[in-house]
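First the structure, then my questions, so here it is.
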Amino acid sequence: AQDQPLDERILLTFVPNVQFAPFYVGIEAGYFAEAGFAVSLDHLQEPEVLDLVAVGQANYGVVSGEQVILARSQNRDVVYVFEWFQQYPVGLVYDRALDLSDLGELRDKTIGIPGRFGASYSGLTALLHDANLTETDIEVSEIGFNAPEVFCLGLVDAAVVYINNEPLQIQQLANAGDCGDVQAVATTSVASQVDLVSNGLIISRALLDDDPAAVQRMVGAFAKALRATIDNPAAAYMASLAHVESLPREISFLEALEAAAEAQSDFLSELPSRAEVADSRVELANQLKSHFGSGTLAQFTILLNTIELWDADQLGISDLASWQAMHDTLQRMGFLGESPVELSDAFSNQFVVAIE
Amino acid sequence: MTIRLHALQHSYSAVDSAPLPALGPISLEIAADEFICLVGPSGCGKSTLVRIVAGLLAPSAGHVTYMGAPITAPLDDIAIMFQAANLLPWRTVLDNIALPLELAGMPLPKRHQIARDLLPQLGLQQFERAYPTELSGGMAQRAALGRVIVQAPQVWLLDEPFGALDALTREKLSLELLRLRARSRQTILMVTHDIAEAVLLADRVIVLSQRPGKLVADIAIDLPRPRQPDLLYNSDFLRLAKRVRAAIELPAQ
Amino acid sequence: MQSQQNPELRPARFRRKWLRMLAPLGTILLLIVLWQLIASLGLISPILLPPPVAVASALSKALADGSLLKHAATTLEEMLVGLCIGVGFGLTLGYVIAKAPLLENLLSPLIVALQSTPIVAYAPLLVIWFGTGVTGKVITTAIIVFFPTLVNTVAGIRSLESSLNDLFRSLRASRWQTFRHLELPAALPVILAGLKTSSTLAVIGAVVGEFVSARYGLGALVIAARSRYDTPLVIVSALTMTTLALTLYSLVAYIEWRVLAWRRRSTT
Amino acid sequence: MQSQQNPELRPARFRRKWLRMLAPLGTILLLIVLWQLIASLGLISPILLPPPVAVASALSKALADGSLLKHAATTLEEMLVGLCIGVGFGLTLGYVIAKAPLLENLLSPLIVALQSTPIVAYAPLLVIWFGTGVTGKVITTAIIVFFPTLVNTVAGIRSLESSLNDLFRSLRASRWQTFRHLELPAALPVILAGLKTSSTLAVIGAVVGEFVSARYGLGALVIAARSRYDTPLVIVSALTMTTLALTLYSLVAYIEWRVLAWRRRSTT
Amino acid sequence: MTIRLHALQHSYSAVDSAPLPALGPISLEIAADEFICLVGPSGCGKSTLVRIVAGLLAPSAGHVTYMGAPITAPLDDIAIMFQAANLLPWRTVLDNIALPLELAGMPLPKRHQIARDLLPQLGLQQFERAYPTELSGGMAQRAALGRVIVQAPQVWLLDEPFGALDALTREKLSLELLRLRARSRQTILMVTHDIAEAVLLADRVIVLSQRPGKLVADIAIDLPRPRQPDLLYNSDFLRLAKRVRAAIELPAQ
């Protein structure tokens, strides 16, 4: 580490949210500082994040994998250096009564989707392809980011959503009787059918060439923060409080989390296996469920759900097959030009591999 | 009596000041075929009186009747020519004069014809397609007079119709007015500042006092008709003019 | 009068008219040159601002496959219908409010709320009530377009001199006649200014509606192009929107020029 | 004159003034009652329109933890600064254009483009040039606010009668004096109408800017609340925006009421 | 000679019609202490002439000089009172009258004092806080006259200053004008439609022909000064008035 911390801006998408907990943990627990960075976070739309990284306005950004392929096909020389989400977070949500687990059943159904862009559209395309369907076999409805409302009012049979978030919201509505006849929702995640490259950390080629050491430190710090989040979600939630103002923060809930975080760090000192840690999360969830209402728990539950999408034996590694699958999907969508995208340039595992 | 003013009175009230008594109380009776000239000091309420008779202004006290019925709104029989020309700036002279006919639903060729036929009398022959901003003060006033003439009203309310006109044009137009009236005897109530004009034209000259305008004198002009400009040098005429002038100079009663 | 045209005066007028008509084109040309200069000098990364040629080729491609036209037609339809509805309501309510000032106080919370609530807040309602087709966008357009028309109609009609009102009353003009022959022409300059604002806001209304949920339309195109990092196509779509807005604006400006011809006469 | 107040006239005026001031509150109350009715009768699903109590509790929570105030303050700051800049430019350029009509033809493509280009098209540039802080939102606000002020200033100043201009020329008034004492007061009713539009658009400008990138501000709050499907908080944020817009609008309406006092005198 | 008109001529040209010859050619010389009255038929170009002398309108041909230098823009020495009152509707009577002083940078209390002192002469005492819409036609005209008086100009251009006033107020104000002028002998060029008024006030009466206004007669009024209203019955006066009238009735030369 350097003596003088380096100011570094990381561009995230969306708005401050518990799903960005690893970054909050990185800041609050000092992982970034240890690596010599004073990190600040900004939230922008995905294309903006990518373009600003591409032109060197910021060194680090987080976007989903397909953006990297699309952008590279349009001369943005960015490199994906850390696969944050091991599983593609998009999936289909529908009424459990309407069993769509056989994707062939999708034929002639009305599927809601934010619009023909972004991760949800790639996800849908991949799902359809897997089921030997095409877009013309179903009714696509561009409903914007209004899936719970539109779904619950019965305007679509299923909706393409982020599986860590919306199904939970819809289930809550269903529990409250506000979701029509729907009693319980079911999801089919894209990840269960195809392995697509998902959200991860990007840098520009120029940065990779100029200062690989700094990138190495950043990737290392983020990997630590991510692992810490996966290992101790209660502590991660506490770290998020400073960054996400609207998180539920009733005293009793925070006290419970505080206690859980402490217990978890004791538990972690026993060096449990990944499976044991996963079990501890389930246990914690169950334990909290008996004390707090779903409203209070919602954001924490989302964090737990999301952690499942992050967890892996080795964090950050992305493999060519998932890039290829994404590339093929995009090609099928007609989003790529004639000139092929060299996928091996799109990502690099060198920094992940060099950790430790 | 066609028009009767019953203890008519008017005060203007502004939002943040005391009511301003502007007119009356004044009572007056006007016969169906009378030509009345109203004279009085500037600001004494002449325009106010005319606007009340036109049904444009509700008096503060008293009332006006036309053929026995109180006037509460403008009537078809009564036309008013305002002190200002009030032409519509986006209409040509011809369309300004033809406006009342247009509102009455007359088709374009016919109303244009009627308006056009009037232009020579008004001395506006070459200006039918001119816009109001292109007119001189007197020309605008003549166009406004034309707008009253096309209405062929039973009662003419004229608020200083010749104020912006030179002596000659003025004479020409007043004689025109007398000629028009000679055919079908309408009621005319005309405000003027010109004593000679008042005596030359009127059957009666009504003199108002300083604001609030009360009746100071009601002078019958018993000169023979038809009247001609040479009357101006007639001794009866001069005597009547002097009487009017004397009445104006009187303090309010 | 037309028969007595003075031939000496014609060339000057002729030249001025052409100058007026060509002026916007001159500015556009200048901007393109400037843009090329920025691109050539590399002042802004081509990623963010591609050179004119790249945009021109994107344009010709989008024109050739008919996609641009299709999207533009959708947006234009939403704009025009929304404009008609919004302006219609704006004029009517504006007229009524101008006549009954208390109504302004009564309705202002409602009207201002309508104008200032961001679309994301009621996007679900829009999608649910009006679906994902053009109707929702027509509504957003109508809403945003309504307000400038309304306030300018109110201001225009209130600016009327009471002496002219008296004239029309004395002529026993009907309400409609008073509106048609007095209030409308008198308020027209101000109403047309409102329409200028409305006509450019119409594009925003339609496009923002399309951002929420749409398959067709320039808003959908811009989002799609942006999500594919096709900056030239983003610029093509944006320029198409500007073209639509400019066309509408010019139309209003032309109407203004025609209708207010009498005003130019007095500037000798 | 003030000393001669007629006591008889006061109660009526008094009553009318209060009526005017209370009218908006009455409407708001009515809307809340209506809203409660809709909620009670279940006409609209509570997912879309939560009942007033839910919104009230969200409001009190957002007020209690200070978050609403902080966001509102950010948006307000952006609005006010953007409004000042946009209105300042609009007035200045409007004045110049009113005096030189050819300039309107020259600049219209530029101005209309500025107004009609959706922010997503130039969002990256905005962020690069002005960062993700308030500056970018001030710019978007200034841009959207600029146009109505401009066109209304042009319309207002052009509506001036040439005879009054002659008066000021004959008095050898300076350009500034002519503006200050003739053009501005004459154009004021129309300019104020433009400001009414601008003041409500200011909210949209700031909020839209916040959609692109923001941590603070009501736009950011609405997005955050939307992302958590916290509809009551969405409504609270939207209502706060409306309140800001309504406050600005009322301010302009009040200025109008004060400045145009002379107009009310003539309506006897 | 203070003011010289050299073959002055003016035509108005509208966008889509032929130029309209409105005035001249006319040449005229006015001495520094002369009171000139301009009479002529309505629409003959009197206001046009006055506006050219005021530097508000560039003539189509010929030119005007003031103290030898051509007039191309309004001058400080010259004040004009327009045919229409041209009051600013958003200013009170007092502020309308004080406007020239305000533009000259005079502080508020002083300019209000000057304007207020003028009100009795103008018969507007109680109306200092009234707005123009609350004035009668004649009152508005008087306020406009006040606006010229506060300028204390060397050259007064008055376009029908008393057109909307009754005979008495008219007389009172014209005598006021004569009194003002008696102190420091300014140049006055006044348009009027009233022949008697012209003869009563002027040193010379200039008679213009029908449009385009050319000089028809230049009649020196050699009546003794100071002049009083009783002059109206003087035979010299009547003779001069008849001469003016005869000149007006002449066809254009």
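Order of writing sets the chain letters: A, B, C, D and E. Residues in each chain are counted from 1.
The definition used in the following text is that contacts are C-beta pairs under 8 Å (C-beta built on N, C-alpha and C of every residue); 3 or more make two chains touch, one makes a residue touch a chain.
Being a predicted model, the structure only gives us computed values, none of them experimental.
J.: Common contacts of chain C and chain E?
T.: B, D
J.: Taking each chain's centre as the mean of its CA atoms, which one is most distant from chain B?
T.: A
J.: Compared with chain E, which chain's mean CA position is the farthest off?
T.: If we average the C-alpha coordinates per chain, A ends up farthest from chain E.
J.: Give me the superposition rotation angle from chain C to chain D, based on Cα atoms, as a multiple of 5 degrees.
T.: That pair's rotation angle lands at 180 degrees.
J.: When contacts are scored as defined above, which chain pair ends up with more C-beta pairs, A-D or D-E?
T.: Answer to which pair has more contacts is A-D.
J.: Could you give the separation in Å between the centres of chain D and chain E, each centre being the mean of its C-alpha atoms?
T.: Their C-alpha centroids are separated by 48 Å.
J.: Roughly how many whole angstrom separate the Cα centroids of chain B and chain E?
T.: 26
J.: How far is the middle of chain A from the middle of chain C, if each middle is the mean of its Cα atoms, in Å?
T.: Using C-alpha averages as centres, the distance is 41 Å.
J.: Hey, how far is the Cα centre of chain A from the one of chain E, in Å?
T.: Going by mean C-alpha positions, chain A sits 85 Å from chain E.
J.: For chain C, what residues touch not just one other chain but two or more?
T.: If we look for residues of chain C contacting two or more partner chains, we find 1, 48, 124, 128, 162, 223, 226, 265-266.
J.: Check each residue of chain B and list the ones that touch at least two other chains.
T.: 12, 14, 17, 84, 129, 133-134
J.: Please output the residue numbers of chain A that touch at least 2 other chains, ranges allowed.
T.: 47, 51, 55, 145, 149, 153
J.: Can you name the residues of chain E that touch chain B in the complex?
T.: Contact set of chain E toward chain B: 12, 14, 17, 20, 39-43, 46-47, 83-84, 123, 129-130, 134-139, 142, 160, 163-170, 193-195, 245, 248-249.
J.: What residues on chain D touch chain A, complex-wise?
T.: Contacts found on chain D: 45-48, 65, 67, 120, 123-124, 127-128, 132, 212-215, 220, 223-230, 233.
J.: Per the contact definition, I'd like the list of chain D residues that touch chain C in the complex.
T.: Its residues touching chain C are 19-21, 23-24, 26-28, 31, 47-49, 101-102, 104-110, 112-113, 115-118, 120-122, 124-125, 128, 147-148, 151-152, 154-156, 158-159, 162, 189-190, 192-194, 196-197, 200-201, 203-204, 207-208, 211, 219, 222-223, 226, 234-235, 237-238, 241-242, 244-246, 249-250, 253, 263, 266-267.
J.: Quick one: which bits of chain A touch chain D in the complex? Just the residue numbers, please.
T.: 14-17, 42-45, 47-48, 51-52, 55, 57, 145, 148-149, 152-153, 169, 173, 178-179, 245-246, 298-299
J.: Would you tell me which residues of chain E are touching chain D in their complex?
T.: Spelled out, the residues of chain E in touch with chain D are 51, 54-56, 73-76, 79-80, 82, 84, 86, 88-91, 99-100, 102-103, 129, 131, 133-134, 151.
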